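Order of writing sets the labels: A, B, C and D. Residues in every chain begin at 1.
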Amino acid sequence: MTETKTTGRVVLGQNNYGKSDVRLVKVFRDTRRHDITEVRVDVALFGDFTAAHVEGDNTALLATDTMRNTVYALAKDHLTGSVEEFGMKLIRHFVEAGPTVERARIRMTEHLWNRIVVDGEEHEHSFVRAAGKHTATVEGDGSEFSITSGVDDLMVLKTTNSGWEGYLHERFTTLPETSDRILSTVITANWLYNTTEVDFNGTWNAVKDRILATFTDHYSPSAQNTLYRIGKAVLENFPQIEKIHLSLPNRHHLLYDLSRFGMENNNEIFHADAEPFGLIEGWVERSS
Amino acid sequence: MTETKTTGRVVLGQNNYGKSDVRLVKVFRDTRRHDITEVRVDVALFGDFTAAHVEGDNTALLATDTMRNTVYALAKDHLTGSVEEFGMKLIRHFVEAGPTVERARIRMTEHLWNRIVVDGEEHEHSFVRAAGKHTATVEGDGSEFSITSGVDDLMVLKTTNSGWEGYLHERFTTLPETSDRILSTVITANWLYNTTEVDFNGTWNAVKDRILATFTDHYSPSAQNTLYRIGKAVLENFPQIEKIHLSLPNRHHLLYDLSRFGMENNNEIFHADAEPFGLIEGWVERSS
Amino acid sequence: MTETKTTGRVVLGQNNYGKSDVRLVKVFRDTRRHDITEVRVDVALFGDFTAAHVEGDNTALLATDTMRNTVYALAKDHLTGSVEEFGMKLIRHFVEAGPTVERARIRMTEHLWNRIVVDGEEHEHSFVRAAGKHTATVEGDGSEFSITSGVDDLMVLKTTNSGWEGYLHERFTTLPETSDRILSTVITANWLYNTTEVDFNGTWNAVKDRILATFTDHYSPSAQNTLYRIGKAVLENFPQIEKIHLSLPNRHHLLYDLSRFGMENNNEIFHADAEPFGLIEGWVERSS
Amino acid sequence: MTETKTTGRVVLGQNNYGKSDVRLVKVFRDTRRHDITEVRVDVALFGDFTAAHVEGDNTALLATDTMRNTVYALAKDHLTGSVEEFGMKLIRHFVEAGPTVERARIRMTEHLWNRIVVDGEEHEHSFVRAAGKHTATVEGDGSEFSITSGVDDLMVLKTTNSGWEGYLHERFTTLPETSDRILSTVITANWLYNTTEVDFNGTWNAVKDRILATFTDHYSPSAQNTLYRIGKAVLENFPQIEKIHLSLPNRHHLLYDLSRFGMENNNEIFHADAEPFGLIEGWVERSS
């Protein structure tokens, strides 16, 4: 890029504002067997907020504190099923509430709870936090919605049936090839639906199970190939999903060199390295 | 305290050194069904290290890098069961290895993995990280050991059967009383064994289940009373445990005021407050 | 969105891979007065990696371990000035090294160090970590580069000369208006250069100073207006900058209600709330 | 330890409760030049709380919410100088407020702010967060106090004048000796005063400067020796300090092996390793 002469006035570009980290817990207590939903909500509004930025004129701005109140208030009647459906409800509300709001985006992280099991029976009102998180991002103008669901913090590991061979060797390559290594990653997956008519919670569980099953079902020649296989398996089994993005940090487990002490290490003793990590990311989608 | 005249030479007081955050993964692959143990190990040595501190004389010091090597090397033959037993082995080694070492302390955090279940069957070599952690601290001089096991990051919540009433009211008291609230906490428990002849992994699971069961089994008038009941239940069921320390941060769930919007809130809509938090801590032990 | 019939084969979409969190420290020791640069580097490569994903064919893949080696090796001769220039060098290398690599992106976080001052003099080889971070993202195909520099973790606060009034009031609005509040935020700014001929370190310091000065120089009617004023001041003073993105989390400081105790609170005693937080984000740019 | 027969009733042992992470900001605005103090406060009360634990009888308990209110309310008139003095005031209050409270402990973390400098002048009411933290722990029964002050998060590095040689070599030792390495650590220091008649803020700054100066002033043969030298320098210069504890995690900077690429590495290119880390801890005190 060569230097270009700067011309033009200074103007406001793309912008948004909202309330982040609204921590909502709803208890469903209409029967003796209670349920809970815990979700952290980020609201972002998009539209024409030029007057506030340029003139300091707040008259068209919804306070972010009002957004917080709204999340709790609408949860009372409208958080009855999935967080995805709640997100659509929030967007319809915010697009109407803000005079210059054109679109809204609701990001949600649902923390999952299992019932505590006592003597083989699930307790009616006591819960223990589960691993993993259900994420969702809903965007829209109030009539059309883009709905992405995801899993986060899903840490997996296989002790064998994974390798890394046949890659390019050049001046700075020192890594030895292997046909038997530990493969470990923290899966972040996000899939876009092609419809709003979805059993969001049921589908979420089924997609998560499919991701886990695919992680186990093949020899992995690379994180890239495993990424593609997972994406393909999800798309082939869930026609309501248009595309899926996977982010796989490769949590390297390094074989510890015990030969210095006259000991063998037959893929038994590993150092789980904190950093650096390989990061493999990609979309798997339907061809048009 | 009134000012005291300072006298005396400057001397080295209590001190220790070691290696922290040694991340070890061991794969058990002698059968088709693999197992793994993942543990982060902190080594601390105690003894006479005056020469190093005062004179800069390192001749009696074990390098902390050597401690790291030792953890991986001894894991090969000696990490065969619980991390508690591995901790005793490490202590015996280090007390012998360092010429002026008198005692050692091994702190361990074991991360737990579940097998991935595919079509109802547990996979032979694929795992998904479980919630919660198994901690252990072993201290000793190589012949006598103090063994503490614990759970960490065990987040629990009950939606009812908990209250906070009848407490002291004074000038700065504004909190309303309630006989029905959410009780939520992240349990950190540490229990001291009175013997080294323990099935450490089996006992750990049984103690964790007992803690969870007790959390569910009573109306909680305070986190203090629940703390005591949990401790009592553990001691009454596990004679091999001498005493137990519990630390219960009270993760406040605040009823959101919907009356401002003309809505009722019948213990349904809560704000999960990040801070501040009540912190209730105590030992439950056997009287002598 | 209405349900659409799913058609089409499953294909690989946009993807990238690389090494993240490569922690590099370089010491400049050619004179008695040493210097250091500490930077964490994330490498991401873009291009045609279909064979690896779909066929499990790694022959065209550079190992991420090789990328790590490369960062350290190239730092020897080529990290001599700014991290931005080092980023361009890395991109030129990686685009050439990977047979199917078309573009690369280097994200860097430079941690800043001050010299320790002893008796009024800067020490020659001793440093203490400074607050704030210098970030940079360089992208390109090896001949054209897009260079973004930024500040991160720059926490600021003003005790007065800020308010929040005249905003929209509706059903869920409960926040009282104020013409005197604390304004506190953690500034994340990222600016895109319109040239590669820049004194990157000198400009970075000058932009940071301009951001801080603008934060102080006006009555802030909203975080939005302060965001715009900061962006405008930067663009007006730095013709080499094309546009700037600012992200301002509004770290709310809530006046604590002391009237319940018969005490006045004249904007003196505040609760620094952890969550939720307002998040104000936007670009300020040059009109075309 | 051999198995002992368990006897004795289950009883409550040592216990305490309180409120943690109370985030207080006080603005001093009596002149045009404002000042701020930001401190996070943890309150813990000690005494006879058996009735609450064992009987569920809360009548003698101060609510932790009341403790929070108290911190904010007392800050109005009593947080006028150092946080250490404020801690003593809080203890006097809580020992009196709780009918069965015998002692209290106040832990505080003060976040430090610098004034923003514009055109060479310090701004009157605008601040930027500084690196490092001022910690303090005050304990007492309301008439006698134990006061510990400290620094936390003080990250330092020297590029030379440090080595690690002459240590014990045994079976698991592989680390090469060096007379020139990077020494880097995050200093956590805590010193106990032998009097309450202290200029706490002035002394804190002077102790911090002494710690930094001592870090620079010698060839370091080990972190142990540097720890001792720092402690000795503080005790010799500050008669009001009885003893000091230092905790020095050794943030290893590993020389990157460039010889594999035919390149020399003359102590220039390092990997700043995240884990594991050496941890050197000890007291330096006055002999009696």
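Keep in mind that, in the parts below, a residue touches a chain if its C-beta (ideal position, glycine included) is under 8 Å from a C-beta of that chain, and two chains touch if they have at least 3 such contacts.
Computed from a predicted structure; not experimentally measured.
Novice: What shortest step count links chain A and chain D in the network of chain contacts?
Specialist: Between chain A and chain D, the shortest chain-hopping route counts 1.
Novice: Relative to chain C, which chain has the most distant C-alpha mean position?
Specialist: B
Novice: Go through B-C and A-B and name the pair with more C-beta contacts between its chains.
Specialist: A-B
Novice: With chain centres taken as the means of their Cα atoms, state the distance from chain A to chain B in Å.
Specialist: Taking the mean C-alpha position of each chain, the two centres sit 30 Å apart.
Novice: Just curious, how far off is chain C from chain A if you go by their C-alpha centres, in Å?
Specialist: Taking the average C-alpha coordinate of chain A and of chain C, the gap between them is 22 Å.
Novice: Just give me the whole-number Å value for how far the CA centre of chain B lies from that of chain C.
Specialist: Spacing between the chain centres: roughly 37 Å.
Novice: Multi-chain contacts only, two chains or more: what residues does chain C have there?
Specialist: Chain C, residues with two or more chain partners: 23, 69, 73, 172, 174, 260-261, 274-275.
Novice: Chain touch graph shape: choose line, ring, star, complete or other and state it.
Specialist: complete
Novice: For the complex, which residues does chain A have touching chain C?
Specialist: 1-4, 6-23, 42, 44, 49, 52-66, 68-70, 73, 97-99, 144-147, 164-168, 170, 172-175, 193-197, 221-225, 227-228, 231-232, 235-236, 239-240, 242-243, 249-250, 275-288
Novice: Which of the residues in chain B come into contact with chain C in the complex?
Specialist: My answer: residues 171-172, 174, 260-261, 274-275.
Novice: Using the touch definition up top, name the residues of chain C that touch chain D in the complex.
Specialist: Contacts found on chain C: 23-29, 34, 36, 38, 69, 72-73, 75-76, 113, 116, 118-119, 123, 125-131, 154-161, 182, 212-213, 215-217, 253, 256, 258, 260-261, 263, 265-274.
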